[in-house]
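After this come two complexes, each holding subunit A, first together with subunit B and then together with subunit C.
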Partner chain A sequence: MVDRIERHYAVFGRDVWGLLGFLALALIAFAAAAPQFLTAANFSSMAFQVSDLGLLTLAMLMPIISGGFNLAIIATANLSGLTLAWILNLNGGPQAGVLAFAGGAAAALAVGGASGAAMGATIAFLGAHPILASLAMMIFLRGLGEYLTRGGDISGFPDFLGEVGHGELLGVPVPMLVLVGAALFWHFLLSHTRHGFAVTMIGSNARAAEYSGVPVKRTITLVYALSGMMCALAGILMLTRFNSVRVGHGDSLLLVTVLACFLGGVDPFGGFGRVAPVFVALLILQTLSSGLNLLGANQHLSTAVWGLFLIAVMSLRWAGPVLAKLLKRTKE
Partner chain B sequence: MLRILTAAFAGAAFLASAGAAAFGAEQPTMGVVVKIGGIPWFNAMETGIKEEAAKDGVNATMIGPTSADPALQVRAIEDLIAKKVTVIGVVPNDEKALEPVLEKARNAGIKVVAHEGPGIRNKDWDFELASAKGFGETHAELLAQKMGGKGEYAVYVGSLTVPLHNAWADAAIAYLKAKYPDMKLIGDRYGVAENVDDSRKTALDLLSAHPDLKGFLAFGSQGPIGAGRAIEEKGLVGKVFVLGPFSPGQGRKLVKEGAIAGGFMWNPAEAGRVFVRVGKLLAEGQEIKDGSTIDGLGTVKPDPASRNIITDNLVPINASTVDKLADMGL
Partner chain C sequence: MPVAEHDESAADAAPAIRFDRVSVTFGGVRALDGVSFEVDRGEVHCLAGENGSGKSTLIKVVAGVYRPEPGAHMEYFGRPETTVTPQLARRRGVAVIWQDLALFPEMTVAENIAFDHLVGGMRLVEHGAIRKIAESALARLGVDLDLGARLNKLPIARRQLAAIARALASDAKLIFMDEPTASLTQAETDMLLDVVRTLSASGVAIVFVSHRLAEVLEVSSRATVLRDGRLVGVFEAAGLSQTRLTELMTGKQFDQRISARSFAAAPAVLSVEDLSRHGEYEGVNLALRAGEVVGLVGLIGAGRTELAHTLFGMTRPDRGAIRLNGRNIAFRNNRDAIAAGVAYVSEDRLALGLVQQQSIADNLVITRLRAISNAAGAISRAKKAAAVAKGVTDLAIKIGRPADAVSTLSGGNQQRVVLAKWLATSPKALILDCPTVGVDVGARDGIYRIIRRLAESGIAILLISDEVSEAFFNADRVLHMAAGRIVGDYDPRSVSLADLESAVYA
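And then the complex of A and B:
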């Protein structure tokens, strides 16, 4: 029994049931309060909305588990999106074909991966603090993007991209499918590969990992490169959803991704964290935000509720073990 | 177990905040998504929306995202589509980023009204309380009157990449060139007017470099304030004239002292009322035609090709109007 629980924890993390319980509670509460909440239209709207935030959260997740941070996620996503937009425009803008899109997407992923790798190398080989290195990268990419676009936007893309950003496949929004695919890939990478193991070891104790023969520098570089590629995927998705790219699209999501990671039980100091609870945390954030929107609540209130929720979860995470110890003591 | 308790506790905390909301039965519903919530401009717009909604029997709410990010506007509009409102109003941060989601809204049978978004294609109507040409020319004419139709003047814009400010500047400069040939523009336009300190420093530099400088046309909310302070410091009140749109509450003192000679703005509360009026017309299926009269816009001349209703309903900001405007929280 204990073994099975432990195995279950190994896959989903310890937080997932509590979070799922809260998700259910939130769903019931909103269903009771807002008549439009339990509709297909609303769930589809939520699925569309959660996807770009979700991809960016995954991009934030891996560096945090490795004991780092990536402030450059939005800037990387924007610049990768610009790369794709540029290639689409070179190939006729609205007339561009699927091939141009594939090439552009590959180039966007390359740009995201390269900028991430550069940042990772700075952190791994020069020993720069991840916050500083990614801040520098964020400012550099932002500046570069603003310089190249003069602060304006690039738009006018082929129609089939709208199908990607706003279409549905078997009733499920395409962006959601992309997110689920990316999350499964991330889960596999973190839980079932040598790389994932190295990431958690480095996050727990980089020095011990180094002495145990884990290739720390290479792994960290790879972490940020992968994070950059995930940003690029988010950038591509944002392009298809907004039909335009501009530096600054999605700026407000940066800290929400950190919030989602911490809600999902990721250790802020690195070493611990799983994809499944973070995914549930994302769904909760989206439920709170959409639900409050349907009720016509002030947007600032939903931000406040997010914050409150994080505080509540954090304090219970702290109080949980303390209470358990007390209970044990009284029993004895 | 404790994890479940965690969830239950947080859920209870949150249930308290999600109080019951009552929905009107057969009223048209309208959601207006603005650039950002919690700033005076859009607070005033919300007041206007609420007032007019209560009067017209429309269930209208304003949604102000927590930051001026188009991604948040897209999210808010997606929620409104799910809510199945009758009309969506929008003041866009980025017109192009909203096109796909507005198209989705219209495909779902929702009417779309825009404000300050004349370039949007997926809309039923966009209304403007100021045309770029009218706004620029009205300021230019006032500057010419203050300066007696002659002398040197400088032009500020918020930034060289703000299209609207530059359109105002273009209109003003062209108007002065054609009508007041004795007025001379110095330098190019200066992109400082979103920053008080930069506006003040640039004004001080320009005043020392150009002794004959007699006027500042500052398009950008902080430009008139900064330039006005520079004039006051140099003791040039009444000799050099600063004009431009600015926040009445912020510039109240400077206007009264004469350091800012005046300016024009449009009234966001009125824009809020017009949102509801136009939304109601659309919900009732009424046509807006050439010569239709809409309160707050006057007799309109809609452009059927671009779906824009452009009017000039400017409110002057000067020593006698500034108190009233400032008291609205603007």
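And then the complex of A and C:
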């Protein structure tokens, strides 16, 4: 039994049940308040919307577990999207074929990975602070993107891309499938591989990890390269969903990804964090914003509610052990 | 209680503190069981006991952090108290200097000393007043510190003086010092003892809390010894030896015998020739033979750890050769060294030896990730569990669950985890940098036996130690390092411990 609990913790972390409880509560509340909430159409639209934020949150998650941060996620996603758009336009724009898309997507992933690797190497080998290094990368990528697009939109892509961005497979939106696949891959990487092991150790104590023979610099470079590739995947998905690319697209999501990580129990100081609870946290955030939207609330209000929600969760996390202690004392 | 306030004559004669029948229980564990503790005014007192003996709990009771169970008698300078809070204890003149000193490294010496006058209230900070408070506290200590220097620019011994001055600045009359000599050289310890004598003469009582008390016994008048939460007794310090004290603390008898053997014929596993690194060590020659334990002693700053870092591939020498099994090698990093069969147990177990927050299991396999994973990098759960089980059994580590944080283990068991993770790499040469720092006296013996067993299995061992006696009794040969050079090579069978100690601590 103890073993099974351990294994459960290993996958889901310690407070996934609390988060699921929150999710259930939010679902019930909105179902009661808004009749349209419990419809297939609503859930489908939620699934479409959560995917961008979800992929970007995964891109933020790995650097945070390694004890770092990546402020360049949106800029990386945008520039990767531009790379894909550029290759599609070179190959006839709306007439571009599947091959051009595949090549463009590969190039986008390469751009994302390379910019991430450059940032990671700066952090690992030069000892730059992750916030500063990624801030510099963000400014550089934004500037580069704005220079290339002159601040405008790029659009006019082949129709079949809509099948990716708006299609469904066996009734499940394709972007949701992409997110689930990416989350499973991230979970495997973080919990079952040498790389993931090194990331958590470095996140807790990089010097002790180095003394034990963990390749710290290589691992940190890889963390940001992988994060950049995850950004690229988000950029590709955003292109197919909006049928356009623009620098600054999704800027508002940057800090929401941090929110989702902390809501999912990731230690802001590194070393601890699981994909599963972060995934549940994403669902909660999406439920809150979709539900409030259905109730006719302003979009800005839902942002405010997210903030309040995080404060509430932090208070409960603090109060939990205190309450348990009090309960134990009264029992005695 | 105005009567007690003015009854100075009776209070003057009373001891600084008198505690009786102190019992504290934590979740079913009896941390203190009917303990009495008394310290006279101006007395230098030792509070001795192993980790877990209850000495920190007792300090926290005196400092008002923990409340003892009903029935305890608590008295400060002749005034009985029923409930003690940290604020009250401080007002009565009790100060505790913990091992980590709890100072502010980014602030100046003066700001640190006057800190308790700075906090609280919305007052402007008067720099002149801060200086004055700091100066008068240092004058009482009879020492000189650069008041404007940032604390983190000072060596640890001087920071400690700043911590004592801070206690004085807030009118402490009874100062507890937790493991005060743990990271001091002999000269620094002597300086501290001088300060303690000055304080004692001026009526301030000092309680040393430690499990290594040889140095402080000479200035102390009495020692209170605790074991498993009970009072063993209060002893006159005169005539009390470290060996006797250890027996009292552990309730066991230790026989320390020289275990040195000759290895001149054995092949050298790891050797260095004329090894130098600017500012760290100079012209070092040494050879570690298979099965041999070589002790390396010297003062802090002699270059021992720096030399170890080079042998472990963490730094590169400017000059000289390193040979492993007779072949010249150059390590690019410590992963090269580990692959070649060199392992290094750091002196700083908290920051470098283990990833404290992470699990026992992960700390045990961290050096062997490739062996428990496949070519694609996926870790096998079964192989990991087997590796963990092997480490735990081989070194008889007492653990709860492998998933518990390694920080939950005692110092001795943590050190066993460190040893286990390095033994898993099948090292040919093992460098132990102060392997018993923060390990209880009773648990040290276990570490020494492991070291002996490893040597017998053919591993060449370099035992770096702060305590000459540790190297003397556990090594086959003792090297003395001073100012970056190896200045002596001793055979414990042909030199006395006293001679060796006076050579090193001169």
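Simple rule for what comes next: the second predicted complex is superposed on the first by the 325 of 332 C-alpha atoms of A that agree within 3 Å, B and C clash if a C-alpha of one lies under 4 Å from a C-alpha of the other, contacts with A are read in each partner's own complex, and residues count from 1 in each chain.
As a convention for this text, a residue touches a chain if its C-beta (ideal position, glycine included) is under 8 Å from a C-beta of that chain, and two chains touch if they have at least 3 such contacts.
Predicted, not measured: the structure shown is a model, and the values here were computed from it.
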* Should the pairing of subunit B and subunit C on subunit A count as a clash or a fit in the superposition? -> fit
* **Apex subunit A: angle to the C-alpha centres of subunit B and subunit C, given in degrees as a multiple of 10** => 130
* Asked: Looking at the overlay, what does A:A33 touch: subunit B (first), subunit C (second), both, or neither?
  -> first
* To do: Check the residue A:T122 against both partner chains and state whether it touches subunit B (first), subunit C (second), both, or neither.
  => neither
* For A:N205, is the partner it touches subunit B (first), subunit C (second), both, or none of the two (neither)? -> second
* So, A:S66: does it touch subunit B (first), subunit C (second), both, or neither? -> neither
* To do: Look at A:H195 in the shared chain and tell me whether it touches subunit B only, subunit C only, both, or neither; answer first, second, both or neither.
  => second
* With the two complexes superposed on chain A, say which partner A:T83 touches: subunit B (first), subunit C (second), both, or neither. => neither
* subunit B versus subunit C as contact partner of A:R150, first or second or both or neither -> first
* To do: Please determine whether it is subunit B or subunit C that touches the greater number of subunit A residues.
  => B
* Asked: Taking the superposed arrangement, what is the smallest distance in Å from a C-alpha atom of subunit B to one of subunit C?
  -> 20
* Structure fact -> Interface residues of subunit A shared by subunit B and subunit C, listed none
* Asked: For the complex, which residues does subunit B have touching subunit A?
  -> 2-11, 13-15, 17-21, 23, 31, 37-38, 61, 63-67, 69-72, 74-76, 78-84, 94, 96-101, 103-104, 159, 161
* What residues of subunit A sit close enough to touch subunit C in their complex? -> 2, 6, 9-10, 188, 192-195, 197-198, 200-201, 204-205, 207-215, 271-272
* For subunit C, which residues count as touching subunit A in their complex? -> 314, 334-335, 338, 344, 346, 351-358, 362, 366-367, 369-370, 373, 376-379, 401, 403, 421, 425
* Provide the residue numbers of subunit A that touch subunit B in the complex, in ascending order. => 14-15, 17-22, 25-26, 29-30, 33-36, 39, 41-42, 44-46, 48-49, 52, 150-153, 155, 162, 165-166, 238, 241-244, 246, 248-253, 288-301, 303, 305, 308-309, 312-313, 316-317, 320, 323-324
